[in-house]
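A short write-up of the structure that comes next.
Think of it as A, B, C and D in the order they're written, each chain with its own count starting at 1.
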Amino acid sequence: MPVPEWLRLRRDKNVQAEDASLWEKCPKCNEMLYRKDLGASQWVCPRCGYHFRMHAYDRINSLVDGDFVEIGTDILPTDPLGWVDKRPYKAKLDRDREKSKLSEAVVTGFATLDGFPVALGVMDFNFRGGTMGTVVGERITNLLEEARRRRLPCIVFTASGGARMEEGMLALMQMAKTTQAVQRFMADGNLFMTVLTDPTTGGVSASFAFQADLIVAEARAAIGFAGRRVIEQTIRQKLPDNFQTAEFLLEKGHVDMVVDRRELRETLVRLLDYAVDRSRLTPTLKAVPEFALQ
Amino acid sequence: MNLIVEREKGLVELEARVTALRERDAASDEVRVLERKVEELRRDIFGHLTPWERVNMARHPKRPIASDYLAALDRFDELHGDRHFRDDPALIAGFAKLNGRRVMVLAQQKGRDTKENIRRNFGMVSPEGYRKARRLMELASHLGLPIVTFVDTTGADPGIGSEERSQAEAIAACLTTLTEANVPIVATIIGEGGSGGALAIALADHVIMAENAVYSVASPEGCAAILWGDSARAPEAAEHLKLTSQDLLGFGIIDEIVAEPLGGAHRDAAGFVGRMLATIDNALAGLAPLSADALRDARYTKYRRIGARRDESGPRMASVLT
Amino acid sequence: MNLIVEREKGLVELEARVTALRERDAASDEVRVLERKVEELRRDIFGHLTPWERVNMARHPKRPIASDYLAALDRFDELHGDRHFRDDPALIAGFAKLNGRRVMVLAQQKGRDTKENIRRNFGMVSPEGYRKARRLMELASHLGLPIVTFVDTTGADPGIGSEERSQAEAIAACLTTLTEANVPIVATIIGEGGSGGALAIALADHVIMAENAVYSVASPEGCAAILWGDSARAPEAAEHLKLTSQDLLGFGIIDEIVAEPLGGAHRDAAGFVGRMLATIDNALAGLAPLSADALRDARYTKYRRIGARRDESGPRMASVLT
Amino acid sequence: MPVPEWLRLRRDKNVQAEDASLWEKCPKCNEMLYRKDLGASQWVCPRCGYHFRMHAYDRINSLVDGDFVEIGTDILPTDPLGWVDKRPYKAKLDRDREKSKLSEAVVTGFATLDGFPVALGVMDFNFRGGTMGTVVGERITNLLEEARRRRLPCIVFTASGGARMEEGMLALMQMAKTTQAVQRFMADGNLFMTVLTDPTTGGVSASFAFQADLIVAEARAAIGFAGRRVIEQTIRQKLPDNFQTAEFLLEKGHVDMVVDRRELRETLVRLLDYAVDRSRLTPTLKAVPEFALQ
């Protein structure tokens, strides 16, 4: 699986999922929104503030100063269990690749945010529901190892339905792998931040998502360990509407803050400014792609 | 109803008859014929278990559970509580001696009967249980005691309270603490190893699995519900998930299998438990000479290599998005 | 009713009259006479405050509270939650910049009105608040940020829930974490410093106290109840407890006093808050060059010497009980 | 205050508070008990199991193998605040000294338990309600420092109404002092254990009592931070009977175990046997008083 998509992606900043229609209906206020406007407003409904799920590259474009140097694109999925149900796993991967314009459920690389060089990982629900298989685990681990080598802060945006069933126990083991990588990274005194976006559940929430120094939740995102349906089936009753929302988690003390997407970049920059000593960044770390390609 | 219990019925009856006959006249032809029949039946039922049959074996109501292993230790003293909120009976923990060796034990505990199962929450651990585990992992590190865990859970508790008290954080914290631990860690999968709730106490230097135990990314029911919206298709999911000990040994996810008697561990519970403990002791002996750093490095590498695949022909730094 | 508020009444009236007159004719004799009277009255009321009057001053409804200090920082971003159970509004914490210096701030927050007081639990912190504090002390250590605390509480929350979630453990853990912290710690007592609930965020390298703040082993009411079974004898207890800034400077329990305007900090809130922040900044500048080990050693010695008295003439190993 | 008491104490193993009457009534089952029998049964009612509060020296005698080498007896109270209410603080100290046959509210020293050398601290409610003033703080700190120097495990029995009012802020600061001493002691990899006896509250519970590696609570002991009366006054209702009992705390996860006094020694020895590598104890550490006097 070579890289042709990326070349296309470079040109189109607001690449979106396969549905190429011009209009999108806000599921909260029913407003019909022009996709191009939505792209410009970071996929937040200008009328009611509803946060659409965001494509990884749109997210990256909304955050970084200039260039984004992607790494880990040579880490690509295989079919370790030879899984076939309705369709073979490989076919599912092909379809998601086509539909999402992504090679897997996370994009990793380097960039600067208001001049702060950071290692950045962004998960995308459009690819297999953001599930963590071996590629997500390996790319996140690789990102943390590369960031550790360069002593850069690392920020990961999570969006995940949990572990990827079709990779079985190999998927589950990515929880152990990523947790270990985070622990090593943080033990060196580096800053690890996560931004939990809609939805963040299962194996991703129970590993690196909730292991961070700072945990920011995007407004109204659904976040938890067990899925809502599983809980409802277990307790045999409907859950309150706010259950497992970012706001609920804030009250329960699970996250440091809840931020509206439109203020997210500014907030992250402010947090970096507190947590990272800007004066100690070496000149080579200040520019991309120089530092990333070391 | 448990599939294996169903199938065993005829066999158990027949075995009882043989025993009775043998008492009367051990050398009779009838006994020999019946003995052969029992043997055949055993092989017939248990010779080639499907993954779904193994799931049922792992859930067999007579299968040795954590308390059976704890009872077979030289000594065990339970320690309680997360120091913050509650003592979770689904996770038993404490000091133990195993062949004279001082260890810290963490175990997921199902119940033998309905009453105990309710008290133990069917072995589904709540955040408090994982926080107790974490506290005692740290204590083990502090005192230099190896950590031994017994995994037997369908998964972490999926209740409202567990979400309200951040089950996700509790599991992630266990994984972090096991990563940091400066002592040997041996995990055993004795029954069901379900999802992150199992892994939370199974990130280890050496993972031992009972032959008929299962260990999977989700319970077959959960997997079927997630993928096909129908938990009744669990047998099919079990087939796909590669959750048997043989599969997992092949993937390098577990390190060792302890064979069970034909028909399952419960058919010789004491013997099997003893063999499992001996296997643990052996693993601990192997890990004992290693320094804390050596242990942690080997542990890192062990998980680091799972699922690491790089297309070496491709570019390392692939694209610059401008 | 607050004693100081009572006494101030006449003064405040008179001051208003002076201001009004001055606007009409600043040079009039009447103004000069009244100004002198105001001056006298001020000295009369506030010149020699008894300990109990100081307690009332510390509880004055207009006294600057934590949020007033936070608002005067260059910048403050609140961080929430203990990651386990709840975000406690009685303890505000977060990143701040103080004269350009990056710091971690922890503050006990009373309310300005009844509604906020209920939400803030009158500044009485629950275990979750102390656990949030502890988490952020550790984060500050991890990131190398100095810790600055603002103490203003009658004491730790004494409710059922706080006992159920181990208030004792939560406070002890804060003390342990401050002991371990590898960064400078500056604590300020801005209002009431009540008991272990205050100390939990006041074990520090440098302790600054507002002149009219009080800091005591128990609230005067609590002390009177404990000793004499009668909390109404609080004024008498205040007299005994040696809880004023001057007393505590003498004992070496605090390191520095920030003077208040005659009549209390609230009579020039902005000015006082500014002076307090400048004093903190100055203390941080003094501690900045010290290594983590030097800080921890000095911190140990600082508390080690409080109350250490050995009768050197007596035997070191006194008795053998057989 | 020299040492004559101790000489007397050596001879009388079951010294008790001033009430010299021969009989004691069990407050739970009303049985009249012969004091001498009670002493022999570790002050546990043989009929109903009620645990009387125990004198520090009785406690020590019930635990140690042979000798107990007391240290810190030269650390003695003064009157730092010049406190006088109904009576001067000094007079209160004199009376408690007389009544309790103790020089302060904690006894510290070295002993062996089933051959395990340990540093042992035992608080006593008979002296100023077991309150922590400068002497308790200093003796506990001194004990931990001496134990740290010798790499011995340390066990402290708590019994305390909290901080000692009559020493004001100097008393409160003992929380900081003891906590720091425990932290240093434990940071070296030493074992710190506490046994919470009736009652353990306030400044003692919020410092070294709940800071230990292992926390054992004696059956039915009252343990908490705030006093029962304070809470009742705050919430204006009666508390349930089991509130703040050892058993309640076990359920709430605050203590490792609850132990009947009659099984306490055996339990502590078993815990030491798990936590301390007996084979690594040097021969000089095995005997008392040699190791203690080093």
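What we mean here is this: contacts are C-beta pairs under 8 Å (C-beta built on N, C-alpha and C of every residue); 3 or more make two chains touch, one makes a residue touch a chain.
Here the structure is a predicted model, which means the values were calculated and not measured.
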Checklist outcome for this item: Co-neighbours of chain B and chain C resolve to A, D
Checklist entry - Counting C-beta pairs in contact, which comes out ahead: C-D or B-D? => result C-D
Item to check | Distance-maximising chain from chain B - centres being C-alpha averages | outcome: C
Item to check | Computed distance of Cα centres, chain C from chain A, in Å | outcome: 42
Checklist entry - Once you find the CA centre of chain A and the CA centre of chain B, what distance in Å lies between them? => result 32
Checklist outcome for this item: Residues of chain B that touch at least two other chains are 83-85, 165-166, 169
Item to check | Sequence positions of chain A contacting 2 or more other chains | outcome: 210, 252-254
Next on the checklist: Touching pairs of chains, all of them, please.
Outcome noted: A-B, A-C, B-C, B-D, C-D
Checklist entry - chain A touches which residues of chain C in the complex? => result 75, 77-88, 95-97, 102, 128, 132, 139, 142-145
Checklist entry - So in the complex, which bits of chain A are touching chain C? => result 186, 189, 191, 210, 213-214, 250-257, 267, 270-271, 273-275, 277
Item to check | Sites on chain D touched by chain C in the complex | outcome: 1-3, 6-7, 9-10, 57, 60-61, 66-76, 78, 80-81, 83, 85, 109, 133-135, 137-138, 141, 161-177, 179-184, 187, 202-203, 205-211, 224-227, 229-231, 234-235, 239, 243-244, 249, 252-254, 289, 292-293
Next on the checklist: Under the stated contact criterion, what part of chain C meets chain D in this complex?
Outcome noted: 156, 158-160, 162-169, 171-173, 175-176, 179-180, 195-196, 199-200, 203, 215-218, 222-223, 225-228, 236-237, 240-243, 247-248, 251, 253, 299-300, 303-304, 306-312, 314-322
Next on the checklist: So in the complex, the part of chain C that touches chain B is made up of which residues?
Outcome noted: 83-85, 127, 131, 165-166, 169-170
